[in-house]
Amino acid sequence: MINIGHIGLGRMGEFHARTLKSLPNANLYAICDLDEKKLNEISDQLEVEHRYTDFDEMIKDENIDAITIASPSHLHTQFITKALNAGKHVFSEKPLGVTVEECKKAEKAVEANPDKIFMLGFMRRFDKSYRYAKEAIDQGKIGKVYMVRSYSQDPTSAIEGAIKFGPHSGGEFLDMCVHDIDLIRWYTSAEPKQVWAIGGCYAYDEFKDWNDGDNVSALLKLDNDAMAFLFAGRTAPHGYNVETEIMGTEGILRIGSVPQANMVEILDNKGVRKEISQSFIERFGDSFKAELKEFVDCIEKNRKPEITVYDGTRVSEIAYKCKESFETGKLINI
Amino acid sequence: MINIGHIGLGRMGEFHARTLKSLPNANLYAICDLDEKKLNEISDQLEVEHRYTDFDEMIKDENIDAITIASPSHLHTQFITKALNAGKHVFSEKPLGVTVEECKKAEKAVEANPDKIFMLGFMRRFDKSYRYAKEAIDQGKIGKVYMVRSYSQDPTSAIEGAIKFGPHSGGEFLDMCVHDIDLIRWYTSAEPKQVWAIGGCYAYDEFKDWNDGDNVSALLKLDNDAMAFLFAGRTAPHGYNVETEIMGTEGILRIGSVPQANMVEILDNKGVRKEISQSFIERFGDSFKAELKEFVDCIEKNRKPEITVYDGTRVSEIAYKCKESFETGKLINI
Amino acid sequence: MINIGHIGLGRMGEFHARTLKSLPNANLYAICDLDEKKLNEISDQLEVEHRYTDFDEMIKDENIDAITIASPSHLHTQFITKALNAGKHVFSEKPLGVTVEECKKAEKAVEANPDKIFMLGFMRRFDKSYRYAKEAIDQGKIGKVYMVRSYSQDPTSAIEGAIKFGPHSGGEFLDMCVHDIDLIRWYTSAEPKQVWAIGGCYAYDEFKDWNDGDNVSALLKLDNDAMAFLFAGRTAPHGYNVETEIMGTEGILRIGSVPQANMVEILDNKGVRKEISQSFIERFGDSFKAELKEFVDCIEKNRKPEITVYDGTRVSEIAYKCKESFETGKLINI
Amino acid sequence: MINIGHIGLGRMGEFHARTLKSLPNANLYAICDLDEKKLNEISDQLEVEHRYTDFDEMIKDENIDAITIASPSHLHTQFITKALNAGKHVFSEKPLGVTVEECKKAEKAVEANPDKIFMLGFMRRFDKSYRYAKEAIDQGKIGKVYMVRSYSQDPTSAIEGAIKFGPHSGGEFLDMCVHDIDLIRWYTSAEPKQVWAIGGCYAYDEFKDWNDGDNVSALLKLDNDAMAFLFAGRTAPHGYNVETEIMGTEGILRIGSVPQANMVEILDNKGVRKEISQSFIERFGDSFKAELKEFVDCIEKNRKPEITVYDGTRVSEIAYKCKESFETGKLINI
């Protein structure tokens, strides 16, 4: 049984806490959050005795084996570093860090603690459909991959939160596209070498305040000359839309091109339609569970996760170059 | 150039008149309708000089080579008989007749005029998708056919007309299911031998006035022991829905299971949806054109149409047995 | 923690055993199976100490709180009765029994043990999509339900097992349609009053040996005059296909009309396609887990399950009437 | 009746000839092609008396009212100019020209003959689904358009022809993307101002011989800051794939995201699938017919077509800039 200290009770963090509670080989030992009311409410529900508002205090507890981090993005690397150096295994939500410098510091901490498990939350790799595609590609079923198109869209209905947390999110490329960038690298086994990114504030001018757009896109050239197209947006009218298309010389795979919430088709006076997942948790709930299970299993069996800290840095680096291109309007070499 | 005299300017009849006008080898020579205003309006538009309100008068004109009939169903057989006996080729809308006795009379007229082309409007056989299925079956691609399910549904939006014309329509089985019955015989090359039909007035009690239902269904056993399921309704919420599923031992074909009006997918706050055909003309416009083209080509090339008068009688007979079962509640031998 | 004694290590039974092992509030205490090799293999894997080849022996163990039954269908009722009378809570796979007399005996046992939880495995009610439909209906979103069409199809790839277990399965209507019958009653809140069933051996004559067909269908009239159409088959070419269509005066719901295994669309030289669930476990794995969770939660919280023993009897009765109609060719009153 | 002289009997040209033959208000008066055998074969079939192997000879015939051009792309502008200056109305297949200089010459010829109808074959504007989208956009149904993604993919099965005609096609951007560029301008009412294009020879190195790729893409920034993404390829595994996605602040439209050939769904051991259009004629046959009908109607009614010669030049200019970016690797201002 692995004792877990968890930080962060935002929407994602609360979901992680509940998942940790249900894992047979994990013990949700402690929770940390600045919001004391929320902290007590959730801890009561999940029957967690140890409660902290100070991360530094929590990691002092020697009973804790591992730390799971779902704090705001700009705090990830400092919590990662502290927890590793306190002798804990660490799982962190993406992105690794919001600057490349921070990521490099996290790398150092990982390298300094080689016997500790470190895992980053690129949860799409744990989705049934995304895994199916990976296997099909690895088995050569679609030939040589020459193009990946990947969308990350949040529903308009979530725009308030997007604006509120926008200034600390790192912007669309850091906050949303990191998943798509991870997939591109995973599916092509290649690295981006050039990028041009554009976009704008088409519906909500607020995003300009932190040099971001409400919808953005980027075209990337990879080092094997393959192409990648990223699109991220905050105004999807229909729901939470994550889709990826992978083109190979022998076949094309499309994942989630209709983000349907279930297997029901509705025929009424609006046509023939399907209801759509409205949030990342609705769409990827099983993946989030699977990644935490993998983290705990890795600790238990002393096995290294597939996703390394270097993947985290590399993805952040690329996202940063996208952002730079978006801000300067220039074609950027990576 | 074949000179055509056309009767009937209801929705279907007007569409046929326009099609006849556009065929390169047909000349829409005369039109007949009781409604003089409509007659003149359409004839003016289509530049048709010869106009009649009396069918008997029209068929006296020796310049007319062929008659196309889109009158109310209960008048089909008398018009067919008169036109054939006047030496004209005849195309008639389905059903052949609303009683089996009438159908038999039409058979006699066809037999008495063996050099005249007679064709019945089972237009689904001219639809690209239905033809594709027929070819796949004939090529053995789905193995032995053991089950056909076929739906004919009119949209609720057309309920007023359905109620207005209901008393003279022959009822759901005669008016709508004849197409499905034709398909079942076409796809299975077998004949129904037993039927049980049920249904009711679930939304509109008016249909009870002529012993009909607003939605009905029938299960049929064919003489090769294959199964068939018919469903017909007047209250489809989404549009004009005609779909057919054909199950074979090696494969299943589904035709039109989403009656989409075009290739556009709409993603908005109602989900992901497609707009739906709202009428038989929208869905089967091309088939209606193709069947009249076939009729005129048959005359020009002195070729016999695939669909015979006996198909018409047989289909009406079966529809009548469905109706009998529906009305009596009994299992009926055909 | 509820101590469970589980019987049956067939495909379904093994899956249930694994689910029981993973539930936080259940303890898989004992397993019973005739096949000693399998019994030890699975018990070793799941670290279950108590192993039985004799059901009567197992239920003597006073540490066991509840029994879960996944034996062959014809043994269900005797195991249910024995277990209840031994003071255990009971979960049984469907069908309740393969004769109505057996079902009545099970009812008696349930009635004689009113403080014990009894639950029957109509797992479709725990599927996300089927539940969504139930809620939509209950909220009046599709108006008055007047037609339910429900298919249960096993893939041809599983035909060997279907033939092997066929003689003891009770036949298609008892073995497969019970789920569909349960859904019809659940969605319409009405009871079938008449049925006509047909079918045959279209690909595999073996089913004739026990008066069954490889594909069968039934049309039912309900006591509120609504219609229901059942189809069950053993030769689906594409996979495990369970689909249900519910027609209401305001809308139509279709559940699982394409039983896709995941959200990947494949575009290759076979067209645009989706891969399909190949087994009931692949399609309904989450439902099977949810129903056992519900069973254990009901015990823990002393709550009665929604599905009663009377549902089981009623469904078996109806299935039996379908079978009678299929065997005699007659229209049967229920 | 408009007398037409038609040049070009390649696949497209032959299709156009047949369409012209079927139009009620056009007379296919003469055909011109270098291949005398083909010329006579098709002319015999279509009963066309006047046959030419020399375009200059054909346009001397004073009985000819209009010229329809389906020659190789690099000959378009000289034929357009000659025909207009000979006093004929002109329809030309896209692209207007393969260099911008040529396009400008065609503009001059159009301007010098203001009483003559000139129309360019951007046939997608005549497709039912593309028109539906245009109307929805114009009615404000999807709000403000901020992103268009448009694909033009030929099937791998057609690769031989693509390689054979590649050197004279102008390359992917000129040959294929002109349709997509036309759509972008049509749907957004905006002009591209910057482009970055990439791509390569991923399966067929032959395309390198004329500085082209077998698959290419381009990201464009429009003058209203909207985004556009173009993708063109020669190796679609599944068929002829033309799809367009238009994102607006209120809704998203996807046109043809599954280029299904008909309404049949096939359920067999390859999954659940649809067959796909295999050629531009299969997908857009009706649009090709509609555009020639519009051309002849415009002449008859002395009405100006919506698509002007300036659209042709502008689209070629933009396509050329894409090509320049592709060849130089640079970000290009338009």
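We just call them A, B, C and D in the order they show up, numbering each chain from 1.
Simple rule for what comes next: a residue touches a chain if its C-beta (ideal position, glycine included) is under 8 Å from a C-beta of that chain, and two chains touch if they have at least 3 such contacts.
A quick note: this is a predicted structure, and the numbers were derived from the prediction, not measured.
Chemist: What's the farthest chain from subunit B if centres are computed as the mean of the Cα atoms?
Modeler: It is A whose centre lies farthest from that of subunit B.
Chemist: Between C-D and B-C, which chain pair is linked by the larger number of C-beta contacts?
Modeler: Greater number of contacting C-beta pairs: B-C.
Chemist: In angstrom, rounded to a whole number, how far apart do the mean CA points of subunit A and subunit C lie?
Modeler: About 39 Å, centre to centre.
Chemist: Using mean CA coordinates as chain centres, what's the gap between subunit C and subunit D in Å?
Modeler: Chain centroid spacing, subunit C to subunit D, equals 56 Å.
Chemist: How big is the gap, in whole Å, between where the Cα atoms of subunit B centre and where those of subunit C centre?
Modeler: Comparing mean C-alpha positions, subunit C is 42 Å from subunit B.
Chemist: Could you say which residues in subunit D touch two or more other chains, in rising order?
Modeler: 236-238, 250-252, 257, 259-260, 265-269, 275, in rising order.
Chemist: For a test of understanding, state which residues of subunit D touch subunit A in their complex under the given definition.
Modeler: So the residues of subunit D in touch with subunit A come to 143-144, 146-147, 149, 194, 196, 198-200, 202-203, 215, 217-219, 221, 225-227, 229, 231, 233, 235-238, 247, 249-252, 257, 329-331.
Chemist: Spell out the residues on subunit C that touch subunit A in their complex, using ranges where they run on.
Modeler: Subunit C reaches subunit A through residues 22, 24, 128-129, 132-133, 136, 142, 250-257, 259-260, 262-268, 275.
Chemist: Per the contact definition, I'd like the list of subunit C residues that touch subunit D in the complex.
Modeler: Spelled out, the residues of subunit C in touch with subunit D are 236-239, 241, 258-260, 265-276.
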